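Paired with chain B in one complex and with chain C in the other, chain A is shared by the two complexes that follow.
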Partner chain A sequence: MSTVTWITARGLFGRRRFLMLLPLPAVLVGLAVLCRSLGVDPAEWGPPVLVGLGLAVVLPVVSLVVGTGVLGAEIDDGTVVHVLTKPLPRWQIVLPKLAVATGVSAATIAVPIVVAGVLADSVRLGVALAAASALGALAYSALFLALSLVTRRPVLLGLVYVLIWEGLLGRFVSGTKVLSVQQWVIALADRLAPTDLLTGAVSVPVAAVLTALVAVGFTALAIDRLRSFSVAGETS
Partner chain B sequence: MSEPTGVIHDIGYQRYTGPRLGRRQVFGALWLHGLRTIFGLGRSAKAKIFPWLVIGIVTLVAAGLTAVRSQTGQVVMTYAQFADAMSWLVIFFAAVAAPELVSRDLRSGVLPLYFSRPLPRGDYALAKLLALATGLWLLLGGPQLVMFLGAAFATGEGLTGVRDELFDLLPGLLYAGLWAVVFASVGLLVASLTGKRAFAAGGVVAVFLMTTPIVGVLSILPSRTVNELALLASPSTLVQGVGLFTLGDQMAPAGAADEMIGDFGPVYALGAVLLVAACVALLLLRYRKVAAR
Partner chain C sequence: MTTLSAEATAPAVTTSTLALAGVSRWYGNVVAVNDVSMRLGPGVTGLLGPNGAGKTTLLHMMAGFLAPSRGTVTLDGEPTWRNPPVYRRLGLVSEREAVHTFLTAYEFVLASAKLHRLPDPAAAARRAIALVELEGAQDRRIGTYSKGMRQRARVAAALVHDPQVLLLDEPFNGMDPRQRLHMMTLLHSLGDAGRTILFSSHILEEVEQVSGTVQVMVAGRLAASGDFRTIRRLMTNRPHVFAVRSTDDRALAVALMAEPSVTGVELDRTGLTVKAGDYGAFTRALPKVALARGVRVRQLLPEDESLESVFSYLLEG
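Now for the complex of A and B:
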């Protein structure tokens, strides 16, 4: 475990504001337990809880806050200079940070979604959802990590993608679903555990290829951007 | 012991003898500055990107709706329904604007400078809140005005047509005001908790997005009462509930309101008032604590 990994993990967990992320998974589990205990048909509560809350809100929002935070927080307060001036290849900075971001986001979403998936259908669905959302967390984290190097306002740009592209356009213009991480996760989870609860709009090979492409492409972009990185003050 | 040789030169400093403006002017200045901050006026081009992106999209949708209406004569969306349809953009706009208003001041530590003026702590929070509410109202009201102008010029019935259209617009503007007040109070409260703009923006969006699926779940539970009260669970659907109660047929086809909220209309109105009151009270409490530091 490299020092960069250690610093990043401590930067994430050492702050009290990390606790702000906990209500999201808690609500997910709470709703699943509530529906199950009241005996509602899983076909009715499955889609709004698993997809509407889990994959469409908890996964992107957690990935966004964590993914832009691992590097963006250091850029914001200027301490990134201390890491950059060490004789480390840039990929040894980006990859550990990406690994921490992916790990934390995937763990945060995996626990509640396994519980909800088991309550909704079967253990298989729960594990499939967790595995697919871990891949989704990788794609989201790579995207948001690269965003935090490309622009000074990564969170807002990430929100544009999550809210407007995936949320708003995804509902009205079906063509945008091809380029939506959320749809890839749904397609992959449905392939791993076929049920009636999930309906993917993208074919599985397309989803798998695009997920890999986004993860690799944006990581490469982040490494490249960090090569010629200039530290500037906060935007006005 | 030598005599002191230094002298104090009179270089013409003058005391200010003009009128001193009071609390109301400070409040007004802070409100206007807040409003300009929201839209990025007087700031760099980068600060204008996100607000004007949202304004552009909203206006574009309004223009599209107006064009469809003047071509086909069909009302695709009423003014109130337009406000509902834009809810995601309003959330995003609140997530952009609220951290700019309060988080920057927290982070750069300028609050003691503000509070060294004749400005009570509560006034600072209320001026920011009023600015955000005004900004959100303008965001929704502007496009509604575009729709109104389009409809007014396209009407075939002369002044009566314009008057009918105006009576449709006014409740729509009031409804947009309700959206603005509710979203501003919740958004500003969340943003005032952290000095980091990134976290504040994420927090605002998380609060609004996380509560929406709860409504979806509550409305399929096997209890009629819970279903009819489900819209209370999220700020955006709470506003819709109040709209269904007060505006009736402007919001949804006849009978749909009964289906969704039953006889609980007054509960929704009360819920909205309580939510805003609670958020404002917590915001004032928060600034009592921040200012004491």
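Now for the complex of A and C:
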């Protein structure tokens, strides 16, 4: 494990902010178990719980907390300077942090989404949702990591994207769905395990290509921004 | 202390020069650093100036954490901005008290050593921790440290790769006198061993005790640079202004005019404003003069003794 990975992981799990990740997945599992035990038809509860809660809320929010935390928290408290005063090419700082963010987010969403998918339909759906969510976590993490370098308010901007763009506009303006990580995840999961529970708004090739583009593009942006990282001018 | 002098007196193989040429930095309409040029070679240099003079901005540009708006900052000819390889030869201790509080000092310094890809990171970490005398607390979480101890942990991390150039922003802030003395000794020995050390401070006495050469910054400009004693003399020889109130201001004014240390006296309704060329001589002479004339001094207030005014005097001169 690289030293950057180690420090990033220690920083992530060492902060209280990490505890914010636990309630949402628990709610997801709880709702799925409740619906199943009450004998509600999966066609009724599947879409709102799996998509409405799992893919539209738990996945982006977990990715937002983790993705803005791996670098943003260090920028906020100034400890990033310790990593930056090393003769490391900046990609060797960004890539391990992206890996930690993606891994932690994917693992956090995987457990509840597999459970909910199995309860709603089949093991295949559960695994497909987890796999597609992992790709979604990669795209989200790259986006939020880059955001923490281009703005001082990455969490706010990330929330605007998730809530306004994906959540609100996605519902009324169909065109915005093309640029929605959430829709790509739905399309990919539906391709891996076709069911009536998921209805994708974008085609699978478009979803795959855009996921890759966002992941690569925002990672490249983050590396470039980190090269020109300026310490804010506190006059003293 | 024995390990420290043994480490530090070992001759440094190479020396480095940090050069600033016509460096300016502005934020919108505000000029933080204005056309500064200097060359820093081996030894300890103090960067002195009042708060807000642009010291931190200058240090950040030196350390590659800020792009100069104009001019160049180079370390042995290579720019420090957007050039991570310079950190093989450069160490920075920033002013902001930023440490990974969840790590122990040993883990923290060891992580630095590993990030530098040193051949034996554990040995380098132990050596750096010994240099700052933090062995006793090295296995405690940094979160439990005092401000001075955190500062030493940060210095150890910055020294772990034995850089030729070490930049420290207000390193004595928050240190107790013993820690301060130790840090001064450490900087001295590093400078004597051929390292280029630059530290900033807004406290005259700190600079006096550590460094022979100083760069004085005032309002973003380099106001003076060179040997500390010369600059100190300029500072002490400047006119000092005192507000004096007594039982008989007029008689006292006449008597004071005869004193060689006094260069001017002004009399108004509130009392006397005395200008003295020599601080010590005037304050010694005043009681004698007053006593001889039977005048009682009610108030003696040195006016405008703030560092800012001292520095701006230098700037004018």
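By our rule, the second predicted complex is superposed on the first by the 232 of 236 C-alpha atoms of A that agree within 3 Å, B and C clash if a C-alpha of one lies under 4 Å from a C-alpha of the other, contacts with A are read in each partner's own complex, and residues count from 1 in each chain.
Keep in mind that, in the parts below, a residue touches a chain if its C-beta (ideal position, glycine included) is under 8 Å from a C-beta of that chain, and two chains touch if they have at least 3 such contacts.
Note that the structure is a prediction, hence the values are computed from the model and not measured.
Shared-chain residue A:G175: touches no atom of chain B or chain C.
When the two complexes are overlaid on their common chain A, residue A:V40 makes contact with chain B while staying clear of chain C.
The partner of chain A that touches more of its residues, comparing chain B with chain C, is B. Within the superposed three-chain model, A:S230 lies in touch with chain C and out of touch with chain B [touch as defined at top].
Residue contacts after overlaying the shared chain place A:P89 against chain C, while chain B stays out of touching range. Using the contact criterion defined above for the overlaid structures, shared-chain residue A:T79 touches chain C, although it does not reach chain B.
Residue overlap on chain A between the chain B contacts of one complex and the chain C contacts of the other covers 235-236.
Partner chain C is touched in their complex by these residues of chain A: 3-4, 6-7, 10-11, 14, 77-79, 81-90, 227-231, 233-236.
On chain B, the positions that touch chain A within their shared complex are 43-44, 46-47, 50, 53, 57, 88-89, 91-92, 95-96, 194, 196-199, 201-203, 205-206, 209-210, 212-214, 216-217, 220-222.
Within the complex formed with chain B, the chain A residues making contact are 17, 20, 23-24, 27, 31, 34-35, 38-40, 44-45, 48-49, 52-53, 57-58, 61, 64-65, 68-69, 72-73, 76, 152-156, 159-160, 162-164, 167-168, 235-236. By the touch criterion stated above, chain C contacts chain A in their complex at residues 27, 32, 51-52, 54-57, 60, 63, 65-67, 82, 84-88, 90-92, 94-96, 98-100, 102-103, 111-112, 114-117, 157-158, 170.
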